[in-house]
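Structure record follows, encoded as structure tokens.
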Amino acid sequence: MNVRLESLSFGYPGGAQALRQVSLEVASGSWLALVGENGAGKTTLAKVICGLLRPDTGRVWVGDWNAQEHSAAQLARRITYVFQNPDDQLFQRTVQAEVSFGPRNLGLPPSEIEERLIQTLEVLQLEGLRSRHPYDLTPTQRKFVALAAADAMRAPLMILDEPTTGLDGPALRLLDGYLARKRQEGRTLIAISHDMDFVAEQFERVVVMAEGKVLADAPAAQVFGAADLLAASHLEAPQLVRLAERLRWPTRPLTVEAFVADLATRRMAEARR
Amino acid sequence: MIELDGVTFTYAGEATPALQQLDLRIGAGELWAVLGPTGAGKSTLCSLLAGFIPHFYRGSLRGKVRVAGIDVPGSSLGEMSEHVGSVFQNPFNQVTGARYTVREEIGFGLENLGVPRPAMLERIERSLALTGLSELAERSPYALSGGQQQRLAIASILALRPKLMILDEPTSQLDPAGTGQVFTLLRDLVSAGETTVVVAEQRLEWVARAADRCLVLQSGTKAAEGTPSDVLSSPEAEGWGLCQSRFSRAARAAVAQGVTPLGRQLPHTLDQAVEYFR
Amino acid sequence: MGLLLAVAFAVPWWACYLTLGLLVLPLAALGRLFGPLTRTLWKLVLPFAVPILLIQGFFWGEGEVLFTLGPLSFYRLGLIFAAASIGRIAMLGGCFLLLSMTTRIDMLMRALVERGLPNQALYLVVTTLQLVPRFEAQAHRIQDAQRARGLETEGSIARRARALVPLIGPLLLASLMDVEERALALEARGFSRRGPRTSLVTLRDTPLQRWLRLALWLLAATLILYRLVSWITR
């Protein structure tokens, strides 16, 4: 599912201009990270794409649909938005009911709903918690239940809002595994995140926003290597990039593997001299 | 400052204890970080040190708990709040809502404690200065960013001159800028001798920079204790469910691939990593 | 409260307009609230004023007729009665608006606490006022999350009403979960401590204010007594 944004502008009533002429194209199956400090307009943009907010000017195309001609609920067939705070999203009495809520709204037959339920719970290691009340679970488990509930919609486009906040070590690994599967399934994914290390590792393309405008739309390596861009948007580079800078390397490795590979290359080059 | 001996606590209605046979000694004037995955008992420990266990949360508590010279089980919430300050995860929920400006918000606790007005004014100014909120003194607490609200929570607690401050994952809902503000503030406070700090956290890069000592919890028991470098470089560290910084992960990978020699202490901060990989 | 109502009805109706014109509006202008006050007052009074005027004017039934509109006659006495009622409403409304727009609610509550209202009442009133907009924002967030999972909220009134049902659970639960953390945060600030409390803000009670209060009490008592007496001796 590709997405096209044409010159979107949006201002909250009685308040700031949250989006100024934002244009963006996301090809089907591609991944994108949306970064920027608080108030830059990231969440507003995501909500406009999903139809939760209507832009003042400009258009949103989700596939062949003009988003303004459809309600947010209809658009949910094509896009799911996972909120940052799972407690804003959970309202059923059991995990099972929660995860099946979306598919039921889609009008799917019970057998299909059950099958999706089983599969989604398994991927996120929530099978044993099927009949538990979401609020009895730990915050990490609730976050995954919210993710599962959105996942069960099987929408071709997913928007994740701060997927890594509050997760501990094992949970982050679980998330990595989940994302790998989404990549395999060919889902289009947009993630909003403050976690630059996460962004560097998972996303080839980074869109930097500040004050409602798109400051940059480029490959991750380029974005994280541009010091003035990061300064202008009040972002810090990922840990490994900062390290490479301090070590005065010409490269900017984005993952642990890339870093070690660069290190190995340099060591060998030094050894030869 | 803190003495725990054989502490075991089980929440009412639960089968397994949240803390088991925990022994702990924390001296005054230090910044301790409590590490561990979700469910390890970090929040339970924080609640215990603040007196919320057993005076707010019910359950069975065994063992000796002395905090700031007070026997916690024998005390009361009111008394504990005069010596121990608590800061929680959600900055928004800590704004009382009963006051209209930052300045008055800080004064809320002082009013409750019956501090005379001249002393109140002085303490509020001091709190504002220490937390860098002086310019925001006349703003509504609800008009602040998350990081600023957390600093306000800290300022409000600081004004009560607690001997000990307990913070339960204070930066988990904050962005990197806010996280940096909070950690820098905590480090400055302890270094200036204002208070002792115990903070439960997941962000290891900051913990390694700011903490004097660490405690690692696993399923309610102590798994390790020591300086951040010692604890985080321990060979068992990978099994503890912590979110290791990329620095140490890169170092472990480099050692595993034979690119760097074994046996050197792993880096956890940027400075340590620069030294390590030079 | 009761006193104010009594005064409103004790005073001859034209005095209401006088009060409005000579006291309330100038005070509002003094506090730079003229615009907001008149706008809100207008919105408050109009829904009452128009029906009262029409009904009393056209259906009074006796006395001098001012003009006719087809089969309907508009009576002078009706107009006067309507003017009286509207005047009282406008005066009451104006006074309340002036009070609420010029007084910080927490100051008002503090003054009441000093006169014996329990401390918890202060907290309850002020926090509720500040939290209602947050509650609203939370409700919006929850509904957005539900819409993003296919819950239809737009369309017919019936559909929009049905969409409110799944909102109740999470809203209440979220509030309850918050309540625990809020309670602990308050405990950490000594909220339940027993012992004397002090106040950061001092409410200065000048002699002038005390005299004014006394004078107002006397005036109100006189007016009410006068009315009662004249009513009894009719």
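In this document, chain identifiers A, B and C correspond to the written order of the chains, with residue numbering beginning at 1 in each.
Note that a residue touches a chain if its C-beta (ideal position, glycine included) is under 8 Å from a C-beta of that chain, and two chains touch if they have at least 3 such contacts.
Keep in mind that this is a model prediction, so the values were computed, not measured.
Colleague: Would you identify the chain whose Cα-based centre sits farthest away from the centre of chain A?
Modeller: Most distant chain from chain A: C.
Colleague: Of the chain pairs A-C and B-C, which one is connected by the greater count of C-beta contacts?
Modeller: It is B-C, judged by the count of C-beta pairs in contact.
Colleague: Whole-Å distance, chain A centre to chain B centre, using C-alpha means?
Modeller: So the centre of chain A lies 29 Å away from the centre of chain B.
Colleague: I'd like to verify one number: the distance from the centre of chain A to the centre of chain C, where each centre is the average of its C-alpha atoms, in whole angstrom.
Modeller: 46
Colleague: From the C-alpha centre of chain B to that of chain C, how far is it in Å?
Modeller: Centre-to-centre distance between chain B and chain C: 45 Å.
Colleague: Considering the complex alone, what residue numbers of chain B touch chain A?
Modeller: On the chain B side, the touching residues are 37-39, 145-146, 172-173, 175-177, 202, 205, 240-247, 249-250, 253-254, 257, 259-260, 270, 273-274, 277-278.
Colleague: Taking the touch rule as given, give the residues of chain A at its contact with chain B in the complex, in rising order.
Modeller: The contact residues of chain A facing chain B are 37-38, 138-140, 165-172, 194, 196-197, 234-236, 238-240, 242-243, 246-247, 256-257, 259-260, 263-264, 267.
Colleague: Would you tell me which residues of chain A are touching chain C in their complex?
Modeller: Where chain A meets chain C, its residues are 47, 50-52, 71-74, 76-77, 79-81, 83, 85, 87-92, 101-102, 105-106, 135, 149-150, 153.
Colleague: Which residues of chain B touch chain C in their complex?
Modeller: The contact residues of chain B facing chain C are 50, 52, 56, 77-78, 81-82, 85-90, 92-94, 96-100, 104, 107-117, 120-121, 124, 142, 153, 156-157, 160.
Colleague: In the complex, go through chain C and note every residue touching chain B.
Modeller: 104, 106, 122-123, 126-127, 130-131, 134, 178, 181-202
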